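The letters A, B and C name the chains in turn, as written, and every chain counts its residues from 1.
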């Protein structure tokens, strides 16, 4: 029976559209192949090809604000390049790059062994660190005097208790003990915890912290991109969490530092391993990262840096990565990607401090740039 | 919304082709349009096949305990749908409990009590309620309804009934109750318009008989009209319920997205639809995706069953009714 | 719909006082008052939603919102990506859905025997009730995964799947209302069946068909869930490339509503205003004629 099903028509149309692509696993490029052939005696720094190119990326919301700024600046330098980054969470980035529905993924949580095993056979993935960020605890508390509370200090036990649900109001004595100067103003308001509803590298970093500092948390919840939260509301993305906290009096959540800045919410000073209360900051995470440089893994899959040593170290710091295949099926896209990543690891690093992220430590930055040489297309390196 | 009698093809059972010989262009036309018509059946069939095939993995691993399991833990590979089934049912139940009295009373008002000059604009306004996109309801719910509910209704309920676990605070605005209220607004137009149709189709002799016996207007309505229309009204409520179960965006934005079973109506929760919406794009290939699709299948089965029951009930009173929107 | 007067007060009734006991009269008045109150309660939220969307939305409307794509950190920028996306995907969806819906309805109304008509009608009714997010999953599996590419075409197909059963059912109803005498007259003149359908039947039922189509169009404009897994969304302007992701007004609203950045929240209200305006204008335009007839 000649069923002219809509599906057949749709598939035919889609096949025609897809047929315009390179026909491989990578999504289509819009323009002519680059005029700078790979491997030739080109410039010493990688540049994108000429002709319109679009790159599709998806993943972590943690660095999303940074990537938006990078994409804008890169497109100013190279107007023929358009990059669409959809912030759908680290889990989404890993899934996207695994299913090859995106050109590059992004995640703060390095891919686990099981996730790497799920990649298509014969492919190899690179973790390219791009920035360091702090996971801060944001809060929205209206004090007894009617003004917003500022300068809240919390220690590990406080944070664990709040997110376990054992500490239920802001006037709890254990919180007051850490905040002698504002204790009188802390209201009886019920605490509403807000966590991530989606699979998140930020959650991974935050729960790694809780897992390390709280035996109760370790036994009942554990660490990971998605965990079974004992209490609280879920919200999608770093943006959703900060938005949700902003909308509710008494709410507390965890986000990357820049989201706290953008939302205007206070972020708590957390007691670090040296016993000092430290606010999330670029300097704080740089200090934390420097203290573990020696043990940075060769495959770049560095776990979140929890309770690093040092007076200035902020206790919850995380690298964030771009995930890209070693072998790029489309030469134009691959060349653009390498150029963008190189720019991110050089000029891009200068943008980070201004918006609350920390640039990579020099040695890591160098190693990451070295990694770019590994990216090939059709067997030969894009940037030899 | 009109009630039309059961349609039969015009000009006899063989329709336009009647008894005359069929010509080729007409045969092609009939065949062509037939193909398009059966496409709809094909889409539905494909949809069901796809859902069933992709759910096999998770049902194979967990069996029926997928439906009764209370743990949704992708990290540990544990999948239980109960928190979302409860969230779906609870939010829709709140919606129906609120929409039933308001909706039926309004339908009665529009069909029996209001003059044409009042009824028509009012019906117009209520049908516009149905046209508002879900995401706009969600936006309004997050920034307006949530805080208002928190300050008024929820505070009052917790104050007076908070000793009951189901009303236990603290109320944060966002949560199961807020989702229920938004759903109420979204299903009211459905409940009202179908109820109104059903009530209008109650034959006049029922009303006249009641009035002749000396009943007041209200008694006429409650003792003659409503009982006659009862199954149709129940059908309208079930159709509204079916709508509520499948609503996604507004619910996702105000329900609090928590994967635990809610203890109180002010707790955050998650429906099947909102769970799929928030996690499908990042669900791990394999078991997690299969689990989400299985959730979708459960939802589809529930809504399909309710739809069929509802239409049968409505048809009995008012004849086949189509919702135009 | 019928307003029947209460029992006439006979002379005897007027002489002896009320024909109905006080309690029953009170109950009657109170319940009728409650019914009026219920009707008012229904309309209040509509007013509230409109008020907030118009109020917040108008203040967010500026030239940037309409002409620029999103900018980093919400500083300036607008919803042009979403506006263009909706204006492309929904019409394409209509282009796919209208032929299938209308011609399918023609088959059921004009040719179908009882059993096939029942099956097709039943399928359409069931499909109308399928949650749109499930349709998103459905289209994702066929049009995104095999091509490893989120694309706007899949988004249009998902919207079309939502529109088809609605158009089919409303068209079928419109065709049934067309009197048989018109068909018979046309056939008696020797006009072939297909010509009869187009020139006589469809033309007569056209306003009803248009109504159903426009309402389905308005509904598709407001759908978010099916686009999340198909067209995904895009911060870039995408004109004409249906093989790539595309943004849409509802998706834009969803993403910007949850941002902590107030500037972006404002843009969400602005986009909601645009969307609501489009949807309500379509709905009002389509229904106003029939309401005018009902009142006047």
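Just so we're on the same page, a contact is a pair of C-beta atoms (placed from the backbone, for glycine too) under 8 Å apart; a residue touches a chain by one contact, two chains touch by 3 or more.
Note that the structure is a prediction, hence the values are computed from the model and not measured.
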Most distant chain from chain B by Cα centroid: A
Higher-contact pair (C-beta pairs counted), B-C versus A-B: B-C
Rounded Å distance between chain A and chain B, as computed from the means of their C-alpha atoms: 38
Separation of chain B from chain C, taking each centre as the mean of its C-alpha atoms, in whole Å: 15
Residue list for chain A, restricted to those that touch at least two other chains: 6-7, 99, 235-236, 244
Touching two or more other chains - residues of chain B: 38-39, 43, 46, 142-143, 281
Touching two or more other chains - residues of chain C: 100, 232, 257-258, 265
In the complex with chain C, residue positions of chain B that touch it: 2, 4, 7-11, 13-18, 23, 25-26, 28-30, 32-34, 36-41, 43-44, 46-47, 50-51, 54, 101-103, 105-106, 108-117, 119-129, 131-140, 142-144, 185, 188, 192, 196, 200, 204, 207-208, 211-212, 214, 216-219, 222, 242-243, 245-249, 253, 273, 276-277, 280-281, 292-293, 296, 299-300, 303-304, 307-308, 311, 322-325
Touching residues on chain C, where the partner in the complex is chain B: 1-4, 6-7, 19-20, 24-25, 27-28, 31-32, 34-39, 41-43, 45-46, 48-49, 52-53, 99-100, 103-114, 116-117, 119-120, 123-135, 137-138, 141, 161, 164-166, 168-170, 172-173, 176-177, 180, 183-184, 187, 192-194, 196-197, 211-212, 215-216, 218-219, 221-225, 228-229, 232, 250, 253-254, 257-258, 265, 268-269, 272, 275-276, 279-280, 283-284, 287, 291, 294-295
List of chain C residues in touch with chain A within their complex: 71-73, 96, 100, 142-145, 147-151, 153-154, 157, 160, 232-236, 241-245, 257-261, 265
Complex contact set, residues of chain B against chain A: 35, 38-39, 42-43, 46, 71-75, 142-143, 146-147, 169-170, 172-175, 256-260, 268, 270, 278-279, 281-286
Interface residues, chain A side, partner chain B - complex: 2-7, 88-95, 98-99, 115, 118, 190, 192, 197-199, 222, 224-230, 232-236, 244, 247-248, 250-251
